[in-house]
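So that you can tell them apart, the chains are marked A, B, C, D, E, F and G in the order they are listed, and the count of residues begins at 1 in each.
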Amino acid sequence: MLLVNLLLALVWATLTGNMSVKNLGLGFLLGYVVLFISRNALGTRLYSIRVYRAVAFLFFFMWELLVANLRVALDVISPGTRLRPALLAIPLDATTNAEITTLANLITLTPGTMTLDVSTDKRVLYIHDMHVRDPDGARRHIKLLERKLLEVLR
Amino acid sequence: MKSLILSTAARLLMPLMLLFSIFVFTRGHNAPGGGFIGGLVAASAVSLYVVAYNVAAARRLLIMQPHTAIAVGLLIAAGSGILALLRGKPLMTGLWLNPNAAGGSAGIGTPLLFDIGVFLVVFGVTVLIVFTLAED
Amino acid sequence: MNEAVGSLTIVVGKAVMIILGLAMFLAVVRLLRGPNLPDRVVALDLISILAIGIIGAYTILANEPVYLDAAIIVALLSFLATVGFAHFLEIMTFRKRAKHD
Amino acid sequence: MESTLAFVIGGLYAAGLYLMMRRSIIKLIIGLVLLGHAANLLIFTLGQLTRGAPPLVPPGTTAPTGDFANPLPQALILTAIVIGFGVQAFALVLVQRAVQSVGTDDLDQMKSTDR
Amino acid sequence: MTEVLVAIFLVIGALFMLLGAVGVARMPDLFTRMQATSKASTLGIAAILGAVALHFGDSLAVTSRAFAVIAFVFLTTPVATQMIARAAHFINVPLWNTKINELAGQYDPVTHELHSFKPPTPTEATPTNMASVREEK
Amino acid sequence: MERLLVLPILIPFLTAVTSLLAWRWRWLQRVLGLIGAVALLLASMGLLESVRLYGIQVVQMGSWPAPFGITFVADLFGAMMVLVAGIIGLAVTVYSLVSMDAQRESFGYYPLLNLLLMGVCGAFLTGDIFNLYVWFEVMLIASFVLLVLGGERAQMEGGIKYVTLNLLSSALFLAAVGILYGLTGSLNMADLARRLPGLPSQGLVTASAMLFFVAFGIKSAVFPLFFWLPASYHTPPVAVSAIFSGLLTKVGVYAMIRVFTLMFVQDVGYTHSLILVISGITMLVGVLGAVAQNEFRRILSFHIISQIGYMTMGLGLFTPLALAGSIFYIVHHIIVKTNLFLVSGVARRVCGTYELKHLGGLYRSEPALAVLFLIPAFSLAGVPPLSGFFAKLILLKAGLETKQYAIVAVALVVGLLTLFSMAKIWNEAFWKAQPHGEPGADKELVHEPENLSPLNKGLYFAPILWLAAITVAIGLRAELFFDLASQAGQQLANPDIYIRAVLGGR
Amino acid sequence: MLVVAVLSGFALAIAAPWLVRLTRGVTGWILALLPFTLALYFSSVVPQIAAGETIGVSYPWVPSLGVNLSLLLDGLSLLFVLLITGIGSVVLVFSGGYLRGHPQLGSFYAYILMFMASMLGLVLADDVLTMFVFWELTSISSYLLIGFKHQEQASRTAALQALLVTSMGGLSLLAGALLLTQVGGAGRISELVHRAAAVHADPLYLPILLLIVGGAFTKSAQFPFQFWLPSAMQAPTPVSAYLHSATMVKAGVYLLARLSPVLGGTDTWFYLLGTVGAITMLMGAYLSLRHTDLKLILAYSTVSVLGLLTMLLGLGTDEAIRAAVTYLLAHALYKGALFLAAGTVDHEAGTRDVSMLRGLRRAMPLTAAAAGIAALSMAGLPPFAGFLGKELLYEAALHTEFRTIWTGAAVLASVFLVAAALIAGVRPFFGRVMEAKQKVHEGPVSLWIGPLLLAILGATVGLLGGVAGQNLLSPAASAIGNRPLQVEGALFHGFTFTLGLSALTLVAGVALFAKGRAVTWLGHLTSSLEQFGPQRGYFKLIDGLNSLARRQTLIFQSGYLRFYVLATMAATLGLVAYPLFASVGVRWPVSFAGLRLYELGLAVLILVAAFGAVQARSMLASVTALGAVGFSVALVFVLFGAPDVAMTQFSVETLIVILFVLVVHRLPHYSVSSSRAVKIRDAVLCTSLGALMTILVLAAAAVPLDPVVSRYYASNSVPGGHGHNIVNVILVDFRALDTLGEITVLAVAAVGVYALLRLRLSAKEEPE
């Protein structure tokens, strides 16, 4: 709780562009209020996220994003030829809501794949993949991403 | 019917939106923003919660129910103007704690109070409409 | 325009505005053509993303950072609009189905 | 840009009014929203357009330097937008209830109170 | 130097966004269009707002807000995409040339709950026909 | 002084807000509503008195000087209108205490009523054209909600038309304000009045004047812009009809008179002649509409239109006497028309319907009501010595003095037709014996007739009696009222007085 | 005292309903004390007036409008005042007996007292507008009295008819009176008399005359407005006697008499009044024989006499004026008596049909006596007052231009009236005793005393003609003529030509009566046809009015909202475009200089998206297009230095889209669309309006605005408003009141949405 509050204070300070102690204090106070307001919204699990690792992962991911985007560019320019779209079910190792959500977001941001939904029992992730020649290969690719992510998160 | 991804994301997004709403609101007198936009963003945060969960859950978040927020907001807004009336000045005349301070640092003044009223009303109104429609 | 902005930035900035305008136009075409509602929603979502881009570019072009707040607003709220749209589309089918059964 | 916006305004008025003359009740509201845009743009245009200079007083000074956009029309439009928002929200719900109680979106079938 | 970097970022961003728009205009079905926009536009935003952050590099307030926008878009776009996709499924939006569909029949048509994947039986494979919900007639 | 001028908006506002806070306690809202109505009446009386004694009252909101801040101005016309609003507010509030159902009361009826009054008073007092727009919207949205509160089908159908056409009017109003601002850079009406004559293209000024005319014409329901009124005024509960009939269209007329005496007097040959022609058509079309109706409230609704024609007729004639006539007519009309609606509500309560076909027997069963109907009815028709007679007399006199014989003839004929339809109501609802059809077959009879308890009867009759007494008093003490009206007319005819009061000697 | 005389009646009218409850059977007698006292008072001033004095009072009422409560008692008003109070006393007493036990007796007294007071006011008024006030009040009280039997459809129709016809005249009179005061420069008749020459010379003289005469003719049932009077016989008989014979219908005659010094003496006056009067006289007299209803006979004979009086006033000679006042008095007395007697007969015998009434003399001797005397007076038999009147009538007719016409008409009418008098006043009481359903007997004292008194008074006037002439008629005649006129009132002037004519009249009348059976039967057959010339016109007019009203309402209040919008738009287009294009000097320069490509693109985008909203075939598709419009508009605000507006626009747009979705997702699809022709028509109109708005914007943009207000905001924002965001300072300080109104609108909208969705009235608890 304290951690999140401090984090919010930091966000506040960066937003306002004023890193003075006074402003940080105000940010802490406001963060406390915000957290109080959203006390029901924040489940306990969120606190366990190690935010800095997540951020680091995000930057790594952006690079991959940039590179692989070129492939999509080709698809866009000539959509008819290379597309093999498919809707796939991916069994999940991720268990918490935060993990699943993060994974889902990353899949969407990864070129060629896009999360469609999570089964109600949280055991399967459904995705849309534009270039499926081999469904199991595609599934393996996603599982790789999941493993990497879980390494960061756990 | 609930989307797991959305509801998880909403937990993170909502505090951020609320924070931004306060940010926009407090800056309002000196930069773009103010009570109206602040109130709308705050209400949007609550609306997101309505979509991700439901009205009942969103209602539990609120310190002040929308009806009350509207009435209190109106009262604050009008009250900030009436204060001047009580001091023998025309309605809505700005009263400042430190009126002679240079360059926009006059501290607290009734116009800011007025903007708080606006914030509350806008927030209350939007939330009330969204709640009512979503519950219907 | 502001003298703090170099001529390169101005030229590029204007060009970028035009590119984004073109992109906007394409998005509007999809918005009008559909054919299904989700297509339109996707287009509308893209329009708001493009709006963020335009605001960002214009922030540089006009050398006026205050517009960035507008971009934040669009980012926060357009998401809500899209989610809302999708959510109620789903409710719509949900209700219809419930009525049938 | 004034001339261009003049045509935009005219187009918005035309579109809004056209929608208000349709039989479907929901188009009515869409038309009203378009009319609102038209009116706001009209005030904005006639309050004189200034590119990219928001009416802000730079920190540390007491008055804006150089060219700045006319703040008054902006304040008027803000008020008009917000009022329009409230009114449109209400009208929208009214439409919903009307359709529910009459059973159709056809305005031609909503004339029992005139005769 | 900064000016050149800003210009490059701007152009990259604009081109990515244009790419997304072209994708939306040209791709054959809803899901592929969403694939195009969700990537191109987020990247475009990142580039353009990165340019903003560079341009106003000496102002922490501006830079941090620019990054805030980027973070927010990265956070929200996938969520929005997922929501649309989910809704689209219930509306039965047609899929282009999609041979493998493991999602078909997994949604409970009444409760909208999503089952874990099991191979579809012939009866379940019947699409939940919601033609009436589709707009154009 | 400065407090008096803003009290007419603050009192209803605070009443409404405290009522909102008391959302769950219906009885408290009723008490607050009553207190607020009394306070508003007292404040408006004080305001008129101070205007009468000390001349035009002006307050600069926020202490920002004109034309930069928003100006509140009370000239005699404005103050009189506020007073009438106070009178009507009290009457309708008391009437509502007994006539309004508990469900509507617990869904914000009293706060809405007060916010409506706030909008109305604001419109009467503001000296700023955009602020006028804002008050119009306050009034409008409150009226929207009051109109459809309850959600019956007829309310919905009437509400759609009312809302649409009034919003159309608002859009035109806003555009007109924008154009005026674009021409002058100012929003203060006195300042505008000073600047407009100096503009190079007067044709443009006249064109924007006509935009205002259409906008206010819709609100005030003149021909051919009145459609929303007959479609909706008979659909809400009668207390709401009553306050609408009294105040809403009159705010439109007020605004029209205000701008066409203060600001748009450059091309009187076009604008005011046009207003005169439209007045005549409005009178005729309205009264013929009433002739065609067979329902108590619909007849009254169409008469509103007809009488709006009289009010604008004074503006069209555009002499001090004619303006005085308009003012006199407006004041008279508000009181009388509201009263007739209140009477119709009692008739409905007693007989269970508004349909003339099914009404009857009230002459025997409610003789007091019969008398209390005749007074406003005859006043409406201009029968001496009631208020309506003098109202009409002034206008006729002004018309004859300016040799506008055609409009005078129309006004006379319309007076006769008004008498005709008042007599129709009297014949059917009062003189005729109540028809005894088989009760189930009557579709119109949606409400069981009932006997009123003495307390209820008192609450029903008190406001009716109060308004009837005012009608009689205006007639018998017509000199006092005419004196006020003609002073107000003088002020309108000499806008310099107003301009100097707002802007000072500049 | 004059004011007291007028106001006391009104006061007593208000008190009457309570008095009835207190005093039950004798109320009539008590109430009659008032008019009786007044009659005594006015009698006491007779010598004063006869001496040429007048009594006047004036109270300011609305002096600024020239409306004053000016009352003046002169010879003419005195004559009327005495009739009103005298007959009023009689009628009140009579009513007590006639309507004994009637549940509405209280209001009856109230109305009749109100009428009496109004009538007094009318004849005493010296101010034309005051006179109009009372004039209208008599119409109103007449309406209420005719409709006294309000549960009968016929009564209501007759009441309405009388009201409409007399009010129409009233309005005509009002217009005439206003013009007259304007032309004559005074509101007081006693002053206007001195300005007669100016009035005659004014170009407005003819309109004034026609308008005022129109008022008089409707009130006094002159051709072609006579039809309301017979219908008015639906009223209880005392009302017929009082209003529709003795007093109110004479108000028109009074008006003509009163204004004859002002308006009279011209050719127009002469021909107009003379002709209309003569026609009315003949027609009324003839029609009186065509009926068997006692009251209708009397009513038509009243019409005849009213015509006669009008004719005499039109002739305007000394003789004519003398004749008029004399006949007026005589008629009031005998007709009052006859009506009341008819009422008694009706009351006791249960019918008014003269073909059935016979031999009532035995059962009702006193009534018979009263009726007989009155009838003889009506027939013009000496020594009754009627004889005096007829003598003078012939005298006047013989001494005027076109005398054959006047004389012929007068004699013919008189012959008919003789017959009518015998039918109505004599025959019912003689002959075989009729078989009645009920036992016929004399009524109570209240019923017979009145008619008897009036009849005797009529005889007395005849016998003491000199006294009456000296004290009452001469002053009245002088007032009408505005010159000293003596009415001698002698019964016998020697064997003159007029006496011969009188004798001839009597003989012819008796002969007509004797052969009257045929006439009566003929009348029976044709009455339904002939009576209703103007009557049918009236009903046709009412029907026409109703159908015109219905048709007009069907057109204008069609119920089609799109028609309403269309009409509104068309009106806007016409009203705004005309001054814009008609006036010179309005320019609307179009300039694309300095326009940037992306700005143009944005503009095109807005229009395309708006077009998309128009074209969309589903509601939600329209909503997305709407969202696109809103976002593009917001971008315009971004480009032109309005970040606050842009932010607001973005957020509002988003919320509106969400609300639309929330609402629309439960609505049906667009189900209907208009025909192609309609669409084209609408498109043309809307495009025109759009073009008009474009032109307005172009033109207004060409006029540079004065930036002084905005500059003030800019320079005071920081020092005075303590804020650097000028827009925000405007919103919360410079123009905070706007914002207060704005959030009020929001609050109300929210309450409205809440109430609309939550408040569903249960079927049980209907709104009141």
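Please note the rule applied: a contact is a pair of C-beta atoms (placed from the backbone, for glycine too) under 8 Å apart; a residue touches a chain by one contact, two chains touch by 3 or more.
Just so we're clear, the structure is a prediction, and the values are computed from it rather than from any experiment.
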Minimum number of chain-to-chain touching steps separating chain A from chain F: 2
Reaching chain G from chain B through chains that touch each other, fewest steps: 1
C-G against B-D, pair bridged by the larger set of C-beta contacts: C-G
Chain whose average C-alpha position is farthest from chain A's own: G
Approximate Å spacing (C-alpha centroids) for the pair chain A, chain B: 30
Inter-chain centre distance, chain B versus chain C - centres from mean C-alpha coordinates, in Å: 26
Inter-chain centre distance, chain E versus chain F - centres from mean C-alpha coordinates, in Å: 55
Residue numbers of chain D (touch at least two other chains): 16, 20, 28, 38, 42, 45-48, 51-54, 56-57, 59, 61-62, 72, 76, 78-79, 82-83, 86-87, 89-90, 93-95, 97, 107, 110-114
Contacts with 2+ other chains: residues of chain C: 20, 22, 24-25, 34, 37, 41, 43, 58, 66, 69-70, 72-73, 76-77, 79-80, 83-85, 87, 89-92, 94
Residues within chain B bordering two or more other chains: 1, 3, 5-6, 9, 12-13, 16, 20, 24, 27, 30-33, 36-37, 40-41, 44, 47, 70, 74, 78, 91-92, 94, 103-104, 122, 125, 129, 133
In the complex with chain D, residue positions of chain F that touch it: 130, 133-134, 137, 140-141, 144-145, 148, 151-154, 156-161, 163-164, 167-168, 170-171, 174-175, 177-179, 181-183, 187, 230-232, 234-235
Contact set on chain D toward chain G in their complex: 1-24, 26-30, 33-34, 37-38, 40-42, 44-59, 61-64, 68-72, 74-79, 81-90, 92-97, 99-100, 104-108, 110-115
Chain F-facing residues of chain D, complex: 16, 20, 25, 28, 32, 35-36, 38-39, 42-43, 45-48, 72-73, 76, 79-80, 83, 86-87, 90-91, 94-95, 97-98, 101-102, 107, 110-114
Residue ranges of chain D in contact with chain B within the complex: 54, 56-57, 59-62, 78, 82, 86, 89, 93
Residues of chain B defined as touching chain F within the complex: 67-68, 70-72, 74-75, 78, 82, 84-85, 89-94
